[in-house]
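What follows is a pair of complexes built around chain A, which joins chain B in one and chain C in the other.
Coming up: the complex of A and B.
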């Protein structure tokens, strides 16, 4: 079985996000970029499937700017076998919408015929939480989102999902789209020898046109603003003072 | 302008809080038809009919809809979609599972986690874990929207609207339910609770988390946790408050032993009153707290629990 893993280049999760003062977006120039943390978990799971013998090949795919090459090299250094980069934007500030990403991925999947797609449940930049579900719809495949456990059982996958109030286990027909949640695994760090080896692994470059996809956005971004700030509060000196303030000032007790 | 609203139905029961908040938001867009789907959904339909702003309720009952599986639920919504300009749901995990699938089947973009409605095509939504708010205008004919319920007040009650039944779409048979592991608890549900007490890594162990639970029970509050506490195994994941967990906006939020990472703040900074208890006076949580108390939580929390 071949496993396909879409990965996205996003602002590093440790970097403080700065909203541009003209409202045009978030400043991404000269900011540290990394692989979306949920996608790292997906890559890790795919590699573990290969190590356990359930998968033969792991293919990483990224859709975005040319610099997403680095993200794909990270996936290759972790253990993916080869990579496909679909260059869909020139400006690092241009985000390709999940619908267009899903359409391009459908094209890649039609060509690659994987038995399983493992994707992050959401990207930490646009927070849409949509690409996996949309891809599943376009392919007419089964979907299992927010996975905290994945077991391949022949023609099916048994997936435990993180849902409101607890966990749900479902059995989906393969081929399937599985989107992964935080607790599925802890991604490995790439070792230096593997980082060197990754430089020699194949990385194909494509364009959206190769798959006949128009990436023009459906949502026009009118403005991007800082969220409303909370007023600075007060420090209290004791539990008694805290209870007093909550009773009289805040009126919540 | 008609709106189809997917009501939150679990095990045949309506989640009134999430659904009525989504109705309040959807009513700004047009006349609301609420869809209640499930293996049994008639009782949920009757409850939904009494939410102020619901003009009509559609009830779809079929075994294939029994466990909110995405494929069959999305097929049902798409079969009804032609009559509506907006398709709306509260941003629960179930709706986040289903709605992007609906959008792709209709060849439109989904607009997730909407925190503000500007007009019928223009919406505000948080991005970058709530560090920015984006205003987007949809060019699609049908707008598929999930609503961040913590930013809308629940709709009130009304005399019951009409209830009709509709048929499920053909079951694509792609997935089947195996089991649910639902945590049983007498405490209020985290996302709708009026008071929340959350613990962080400062608790140090799963056993010590009992301090949080005792304080919560004294306050009649739900229990939450930071991602650090969940990752450390002190608390189950469905207690997690933050961008990668649940978003809450209670009247009172008490953060104990939580440093206040950006991703946690994203899940609770819309709370009306925030109390922070931490031994580190430099902790970022104090920058969003209305009342901060610097101290050892192992002294402060038992004292607070006793004196309340």
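Coming up: the complex of A and C.
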């Protein structure tokens, strides 16, 4: 079985995000970029499936600017076998919308015929949480979202999902789209010899035109603004005082 | 002469991977409990063979990338065994001891640094080490410890760096380093000192942003700002010199020896300046074991001794080994 893992180049999670002065988006000039942490978890799971013998090949795909090949090299250094970069933008500030990404991924999947797609549940930059679900609809494949455990059982995948208030275990027919959550695994870091070996692994470059997809934005960003600054907290002397304040000041009791 | 000092994609990837590895296996918080660092995680990461060719089982990068890795090791105060291991691998490989080089690279044979001490050696962090790399002025020697039992000496300061004495005539010299090995040693030791200088600067700046006095963070006061800026200057100056020296050494340029000599001159000064200033910025807590900054000063002193072997016992009193010093009796209550 072949596993396909879409990975996105996003602003590094350690970086303090700054909004551009005109409010048109986030400033990405000279900002450290990394692989979306949820996608890292998906890559790790795919590699573990390969190591356990459940998968034979892991293919990483990224859609975005040319610099995303750095992100793909990270996936290759972690253990993916090959990579595909779909260069869909020239400007680092242009975010490809989830529907366009899903359509391109459908094209890649039609060409690659994987048995499983493991994707991050959402990207930490736009927090859309949409691509996996859209891809599932476009392909007509089963989907399992927010996975915290994935087991392959013949023609099916048993997936434990993180839902409000607990866990839900479902069985989906393969091929399937699984979007992964934070607690699925702890991603490995690439070792130095593997970083060097990754340079020799194949990385194909494509364009959206190769899959007949138009990536022109359909959504208009009206405004981007920083969250309101948190107000300083208040120390209370006792539980009684806390309850009193919740009743009288916060009005939540 | 021009040099491209921008980080390449490879270098950025190495730094990212090293940061993740160090956070997982060598968090600075580990120093709050006295223990010896195992080099197993660093060996598995490929840290000892970073600059060796792929044919020799290495990662195939260069001295420049290795220096960058050692800067990160300095940030995390990884035991000086790391620098000793990286150098010992080279010595063993050059002296036609490939099996030994492989064992060191795989973490199966750990190497501790050693300094001349009387007629014998003072071993640093020697617990479980099979070999010692002696830094003897401008000479490096790899010593097989065999079944010798070094005599423990009390470590350096609180929660300190373990030291032990290797009696004269004990251990067997199995390899000697040449000028090239000394140059590499200077680079890697200086890289770790840069890591210490940068980490001390970062700790001080963080503290200056957090600690409030007179209603505002102490970093808002000009006297603290000056200290932080001076630490930044020292770290940047050393970083630029390390890049120049590593590139010159990698490319075998004529000025390599000069650049490395300049680096050797600057690195101890920057590391000591930054750690001492960071302690001052921390105020009272900087002098206590509660803050981590004291670890950086101690490690800087140890690494400096690897480059210029003044006796370790000549360290400032607070850091000197506590041997048979009588304990102070508490004053009787009036």
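Operating definition for what follows: the second predicted complex is superposed on the first by the 229 of 253 C-alpha atoms of A that agree within 3 Å, B and C clash if a C-alpha of one lies under 4 Å from a C-alpha of the other, contacts with A are read in each partner's own complex, and residues count from 1 in each chain.
The working rule: contacts are C-beta pairs under 8 Å (C-beta built on N, C-alpha and C of every residue); 3 or more make two chains touch, one makes a residue touch a chain.
Worth saying up front: this structure is predicted, and the values here are computed from it rather than measured.
When the two structures are aligned on the shared chain, A:182 is found in touch with chain B, with no touch to chain C. By the touch criterion stated above, A:109 is placed in contact with neither chain B nor chain C. Once the two complexes are overlaid on the shared chain, A:34 sits against chain C while remaining clear of chain B. Of the two partner chains placed by the overlay, neither chain B nor chain C lies in contact with A:58. Judged by the number of chain A residues each one touches, B leads among chain B and chain C. Within the superposed three-chain model, A:195 lies in touch with chain C and out of touch with chain B [touch as defined at top].
Legend: residue contacts after superposition of the two complexes on their common chain; A:163 is shown touching chain B, with no touch to chain C. Chain A has no residue lying at the interface with chain B in one structure and with chain C in the other. If you check the complex, the residues on chain A that touch chain B are 11, 13, 16-17, 19, 26, 97-99, 102, 124-138, 140-146, 148, 158, 161-173, 181-183, 217-227, 230-240, 242-243, 245-246, 250, 252-253. Touching chain C in their complex are the following residues of chain A: 34, 70, 73-74, 77, 189-196, 199.
Here chain B touches chain A in the complex through residues 10, 67, 69-71, 74, 92-94, 96-105, 107-113, 122, 125-140, 172-183, 189, 191, 195, 227, 230-231, 237-238, 243-244, 246, 251-252, 262-263, 269, 272-275, 281, 286-294, 300, 303-304, 307-308, going by the rule given at the top. Interface residues of chain C, counted against chain A in their complex, comprise 9-10, 12-14, 16-17, 20-21, 24, 44-47, 49-50, 54, 58-61, 69.
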